[in-house]
Every structure is written in structure tokens, then in C-alpha cells.
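Okay, so subunit A shows up in both of these, paired with subunit B first and subunit C after.
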Partner chain A sequence: MRKFFPVDSLARDSRFNQITMKQSQADPRSALIATEEKRPKTNRLQPSRADASDAARSLMHGIFVGEIQALEGAGRTCHDFETGTEAPFALKLDMARQAWDEARHVEISVKLSEWMGTEIGQYAENTVLFEAACSTDPVLRLAGVNRALEGLAIDVFTTMKEFGDIAGDPFLEFCEDWMLADEVTHVKMGSDWLRRITENDPERRKKALEFQSVVDKIFSFGGTRSDSQESPIGLARRFRELAGFSDDEVEDIADVSLRALEERKAFARQAQAEAVEQFSAS
Partner chain B sequence: MADPYKPRAPFAPWDRRQLPGLFDVEETARRVGNYKWAEMKLFEALGGWVATVPELDVKMRLGTHCYHHAWHAELWHKRLPELREMNPDRLTQPANDAMVQFVAALTEPEAPELTIEKLVGVYRVFIPHFISAYTFHMNNTSEITDAPTIRTLKLALQDEFEDWRDGEMMLQSLIETPEEVDRAAAHQAKLEKLILAAGGIAGPGSIGGN
Partner chain C sequence: MTVSVTPANFSFVDFDAELIRRIGDGLLEVLGIDRPVHVEVDETTPLGRVRTEIGDTITVRVESGAFEDSRKPRQQSDEATTANLGRALLRARDRISGGFGEAPADDELSLRQIAAWETYCVGRLARMGVPVNQQRWKYNFRNRHGFTDVADAAFERIWASDGLTWGELETVSLEGAGTPS
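So, the complex of A and B:
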């Protein structure tokens, strides 16, 4: 088995359909692609939204495939680096623990999807999450996956937990609460290892934080997660603090997310215009 | 209530533990170092394979089992300094070169069509050898002086038995044709020959005899 596994080789059964980030953002079912006149005052995922059921099912399926990729990423970090020379033994133990946690999250999210009336493969799988786990530097992986991706998971689970609470679904709220506890642990793991490994290597730390920033922007899902009510998922500031993010870091992510939202809106307008043009030409 | 000052035997009548054991401190440390190395190779392989198997249930079990073996490696890592080995890395070694060859052959399958080979290597060869080496150690070390090793062996064995059962059931559910039976058997035979040459997880004498 080779070291460093390419994203296009991820093994899936016949139910799964993988797409790129660009395809995902151009999806006409996306709430952010609605025209200005039809756009609701808030896109935040709440039971009062007309499309709440489908949006929640779509998000849960996204969580499900994201957990699969997080499981695969943690597993690969156990395998891809030599113990001692490339990654500390204790870091690999943490990644093995995370693999178990992510496996449980796949189990939980597949059962929740079933509970919500979704079938596996009903929505496409965006593989951008695993791409962050392909770095050849374990510190960059921790920055990209544990701090950026798992940080996003904190925001997503907080939103879903609130959704379950408001919708009167104690089953959903219960499960999200448990997964949220694991994610805070994973983010803290990433924060602690990043500081420990780069303690005497400021250049490597800078590079890792820059990578995290890039991944954070990508994982802002083009504005799906931000403080703005236009984003379906909010920024879970309190849980991020628990996970070891400083106030400045949370503010940076908030800024990046808002910028991503504006870029997404511009992209959506362009994609819609292109689609109309293609339709008219045909 | 009985008189609390009445003399009692230091060992209760139902406590039949014995002082003698087969292994001294040095031999115990050597074996523990081999166990740690082998558990590390196993959890690394399981973690690496998660992304390579298309079967969703197998993918999840490999992730779960990956942690079990990482935890065993951690327990052995912590035991080494208690056995007078202050540099655990020094004894974290394969039993011999044949063991290295076995692990190389075990971890060779990568393609998504080779789930049977991956599972056979782990659940029909490697884990049964862990079970036999751990059982031999547990039943032959001093029940009193080496109680901490016995406790770790028991904890690890609990996982090994459960993981073996999970793996065997996954294999039985995946093998659907006589040709696949042959495939599984051929791969098992290939790996068994390699671990036979190694003498087991801790080399010759893993389960006594030498």
C-alpha cells in the first residue's frame, strides 16, 4: 500500500456520486443561488424555512460523507508518516483515536439520515474535505483538517443541534450534542499539536496557519458558514474558544467567511447568467 | 461481624495465584517491545486501508479497530519503562527480519477489489497470532510479579477476540463464490508461511516450544 493516497482514488460503493466544489456551488437547488427578489431574509437553517426538511436532509448527508472523509484522513495520517522521524508516536495515537470517533460519526449520521428519510447517495459527495488531508506535512494536515475542517464541523453541529431543539427533535439534538463534544476534542488536539510541533519552528507554524486559512476559506463553503444570517450555518464562537481558538483567530475566520459569502454570491450570479445564456442559445 | 484482629491467611483460599513464571524482566521487556511494534504496524495498516475499501461497513470497522490496536501499542509503550527500559524506542522492534517481510506482504494489497485479501491478512492470520502469543504469555508469566503485564494482556485479548469475530463475519459475508474461497485460502497460506518463518509475533517461542 502506497504512502499518500490521492483523492480521486477514494473507494466508494455504487451509491456514491462525487463532484467538485465548483459543481457543488453551481447546484441550482442551493439557497444562495435564489434570485435577489426571491431570496428570504435569512438562509439560516431553521424549521421555519419553507425548504427546511430538504435543507436539513441535504446537510445531514453532507455531514455523513464528510465524516467518511474525516475517517479516511485520520486513518491515512496513521499510515503515511514514519513514527518518530516524521510524526510523533503520540500524534499517531491521537489520529487513531480520531479514526474511531469519525467511524462512530459515520454510524450516527447514517442512522440520522435514515431517521430523516434520506437514502445513501441521494445527494452528491464533495471530496474537498479529503483534499485537505493529503498534505505531505503532518502539521499542515492538522491545521487543515483538525483546525479548519473540524472547526467547521463545530459550526455545523451547533447549527444542527439548534435545529433539532427548535424543531422538537430530541433524537437529532441528542446525537449532535455528542458529536459536537468529539469535534471540540479533535480541534483542541489539532491546536495542541500545532503549537507543540512548531514550538521552535516559526516558519513551519506560519506555513501551517496560512494553509489553515486557505482551507478555512474553502470550508466556508462559499459563504455557507458565517456570522451573516444569509449563511445557513452560523459561526459557533463559544465552542471554538473551548477548542483552543484565540479571539483573534475566531475574528479572522469570521472575516474570511463573510468574504467567501460575497464571492459566492458573485459566483452564483455569474453561474445563473451563464445557465440562462446556454438555455437561450439552445 | 468476625473479629477484625483474628489472623487471616495472606492469600484467601480461593486465590490460587502462583509466584513462579517463565519470563524474567529482560525477556518480558523484549516480548513487550515486539508486541508494541506489531500492534503499531497493525493500526497503521488498518488506518491506511480505510480509504481503499469501498464497502461502507468494512470502512467503519477498520477505523474502529485501528484505534483498538493503537491503544494496545500505547499500553505496551507505557509498560516498557516499568520493565527497566527507559528508552521504549530501543525495544520497539520486530522480532526478526522475517516478521518485517510478513508485515510487508500483509500491507501489500491496496486496490479496492482486494478487500478479501486485506481482511484475511488481519483477521485470519495476524490477529489469531496475537491471540496465541498473548494467551501463551498470560498463562506462563508470574501471576504475582508480572500482574501489570497480565492486566494489559487481558485488556488487549478482549479486543482481539471481538475484532477477530467482527473480521471473520465480514469475511464470511464478502466471500460468495468457490473462487473467492480459494482466493482467501491462497492469501492466508502465503502469509501463514511468512509468519511461520518469523516464529510468531515475538519470534521463535512466541507460544513456547523453543
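So, the complex of A and C:
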């Protein structure tokens, strides 16, 4: 079986349409830079938002495809590295267990999507999550996937759980709570293995943490996740603490997320100006 | 009666003004609306809000997300254009044709009232053959009326109805929310 599978070869049927982060970011439209009149008071995903149902459906589909890619990433880590020389057996066992969890999450997400009136593949699939799982160093995968990606999952599930709770949706609140518990475990696995494997290799640890920081910024999705009310998804500080993040690490992620939000707004302003210029010229 | 569309050409999204116009013309015929309609698309935002002003001309202001193919960002969807323009025009027709005189202005409607009216519109569109996902609208209705059997029964009644007045719609909606008038 092939090792180190490329992101453009993931198995998907015709219902799915995949887009890269670059394509997604190239959209000159942005709700973030709308005028006061047009901009919602808050972008945070809450039932009080007029578009709450559709926004929740869209996010749920994002969770669904994210779970598929997380399953593929954890499964790949079991296969891509030689046991013993490249990755300890116990690490691969943890990744196998995670793959089992992710497969269950995919099934739960499909059921929740049906419940919310969404079809499989109804929204474009951003493949950025799997891209972070393509590193050739298992420690970098743990940092990028288990700590950054699964850390984002903690924030997303917390937001969705609260949404279900406030809306009175018993299934959404219950399912998100269960998946959230698994994600905390996955992040903790990543934190523990990162420390163990790099215990006597500070340079490798530094490199892994830098990679995590880069992935955290990418996973901030141009400001989709941050402490700001302009971001649909908040930062779940308490659950991150339970998952083994230090206070300093949480603060770093908060800073990175806010910077990503500001950079996205600046990028969108520039893209809109360029689009207007092109339109005027034509 | 005819439909006009602005802008004629799009730069932020790959939309076709002529396609919007044709879909609008078809809807006017099916819905029996005898006033000109102007569709104004705001292509600078990906949000999907739709607002309607009724005068001698019905003006529908649409954010580009309402006509977009969610599978293919920035591309137009025939289905989304039909369903969302159809909803806006049905609401306008309700207000014009009577029975909805006591309905609050659009920006004064509560989220519950909007959900009830949307359900009423989409149910009628479905019976006209416009492809819609009923579960999507049930989920929206539940978010605004509660996740209860009473709310589901109210949804089914509204979805299957034709010729409701605002008062009748509001009564069923309030019953669904567990707060009968």
C-alpha cells in the first residue's frame, strides 16, 4: 500500500467538491469587512443570529468532512511510519484508536447532518485539514494534527454544543458533548507523545511547536476561530486546559487567531479593491 | 410583467444576470404576480439575506450567498436562485393579495414569525415543483419554535397549507411554540 498519500488523491465520490485553502481565501467577498449597516452585530454562531440554522448546517458539514480527513490522517500515521524505528508501537496504537473514534464521529456527523437537513457534499470540502497530516515526521503530525487540528475541533464542538443547548436541540447538544470528550483525549495524546518523543531532542520539539503554530494560524481559517465576537467560533479555553495546553500556549493561540482575523480582513479589503479596479477597467 | 436585474455583469462572483431574469420571469408567471420586479444583487458579501420592498415595482435586494452554489463557491445555483427568489416573491404576493395586512414590516418580524412564514412559502414552492429539502426547513422551524412534537405538528400544518391569512399563520405558529394566542 502506498505511503504518504497526497491530498489531491483522497477517495471521494461525485457528491464531493474539494477546494484548497488558497481557493477559499481567494474569494474577494467577505462578511467581515461589510459596512456597519450590512454587518451583523456578531458573527459568533448563536441561535439568536437570523441565519443561525443555515450557519449551523454549514459548520456541521465542515465538521463532517473534517472528521473524514482526521480519520484519514490518523490511519495514515499508523501506516506511513516503521514501528519502532520511526514511531513507537504504543503511539501507533493510539492513532489506531483515534481512527476508530474519528470513524464514529463521521457516522455521528452524517446523522446530525440529516437531522439538520443537509445532504452529504452539499458544501465544498476544504482539504486543509489533511494537508497538515502529510508531514514526513510523526512528531510534526502530532503537533499539527493532534494539537492544532484537534484543538480547533475542541473549539468547534464547544461552540456547537452551546448552540444545541441554547436552541434546545437535544441531539446536537448530546452528540457534540460526546465528540468533544474524544477530542480532548486526542489532544492530550498529542501533547503527551510530543513531550515523550522529544524529551531528549529539544531541537525537534522546537520544530514541532513551530509547525503547530503555523498550523494553528491556518486553522484559524482567516479569523473563523478567535476570542473576538467577529469570529463564528470561540476559543474553548477550559477544555484546552483539560487537554494539556498551558496558559501560555492558550494565550499564544488567542494572539495568533486574532492576527489571522485582522490579516483576513486586510486581505479581503485588498481583494475587493482589486476586483472593483478590474471591473472598472473592463 | 418583466424582471430586471442589476448589476448586468458581475465581478466578484460568476453569476449570470440573464439567468436570474429568466428564472424571475418564470416565477412571476407561475405566481401570478402582475407587477414589475427588480432584483438587485449585492455581490460584495457572501451572506445570503434577501430583503423585499413593495411599491409600483417589487424590489428584491439579494446578498450573493442566496443565489450561490454552496458546493462551488462564487458560482450561481439555479436551484438556490429559484428557491430564494421564489420565497421573496411569495412573501410579496402574500402582502399584496390580502390577508397579510396586519403582518409586521419585514424588519419587525420576530425570528419565530420569519420561520413560520418561510415554512409557509417553501411548502407552497415545493408543491409547485421547486426542489427543496423539507428537513432543512423543519430544522429551522424547530430552532425557532422548539424541538417538540407540538412544534412539529405546527410545521406540518403550515407546510401543507394554502390560502392562509397572517392571523391564521400566526395562530398556528404560536401554538407550535407552546404559547397559544
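In this text, the second predicted complex is superposed on the first by the 261 of 282 C-alpha atoms of A that agree within 3 Å, B and C clash if a C-alpha of one lies under 4 Å from a C-alpha of the other, contacts with A are read in each partner's own complex, and residues count from 1 in each chain.
As a convention for this text, a contact is a pair of C-beta atoms (placed from the backbone, for glycine too) under 8 Å apart; a residue touches a chain by one contact, two chains touch by 3 or more.
Small disclaimer: the values here were computed from a predicted structure and weren't measured.
*Asks:* Have a look at where A:Thr136 lands relative to subunit B and subunit C in the superposition and call it first, second, both or neither.
*Replies:* Touch status of A:Thr136: no partner.
*Asks:* Considering only the touch criterion stated at the top, classify A:Thr77 as touching first (subunit B), second (subunit C), both, or neither.
*Replies:* Only subunit B; A:Thr77 stays clear of subunit C.
*Asks:* For A:Ala275, decide between first (touching subunit B), second (touching subunit C), both and neither.
*Replies:* It touches subunit C, and subunit B stays clear.
*Asks:* Touch check for A:Arg12: first (subunit B), second (subunit C), both, or neither?
*Replies:* It touches subunit B, and subunit C stays clear.
*Asks:* Scan A:Thr20 for contacts with subunit B and subunit C and give back first, second, both or neither.
*Replies:* neither
*Asks:* In the overlay, answer first, second, both or neither for which of subunit B and subunit C A:Ala103 touches.
*Replies:* first
*Asks:* Output check: A:Gln229 vs subunit B and subunit C. Expected answer is one of first, second, both, neither. What do you get?
*Replies:* A:Gln229 sits against neither subunit B nor subunit C.
*Asks:* Check the residue A:Ile68 against both partner chains and state whether it touches subunit B (first), subunit C (second), both, or neither.
*Replies:* Touch partner of A:Ile68: subunit B, not subunit C.
*Asks:* Considering only the defined contacts, which subunit C positions touch subunit A in the complex?
*Replies:* Subunit C reaches subunit A through residues 9, 11-13, 42-49, 64, 70-74, 111, 114, 133-140, 142-143, 146-147.
*Asks:* Which residues of subunit A touch subunit B in the complex?
*Replies:* Listed in rising order, the residues of subunit A that touch subunit B are 1-2, 5, 9-13, 68, 71-72, 74-80, 83-84, 89, 92-93, 95-97, 99-100, 102-104, 106-107, 110, 120, 130.
*Asks:* Which residues, counting only subunit A, touch subunit C once they are in their complex?
*Replies:* Listed in rising order, the residues are 17, 19, 23-24, 27-31, 34, 38, 40, 47-48, 50-54, 57-58, 114-119, 121-124, 167-170, 272, 275-276, 278-279, 282.
*Asks:* Mind listing the subunit B positions that touch subunit A in their complex?
*Replies:* The touching residues are 40, 43-56, 59-64, 66-71, 73-74, 77, 89, 107-110, 112.
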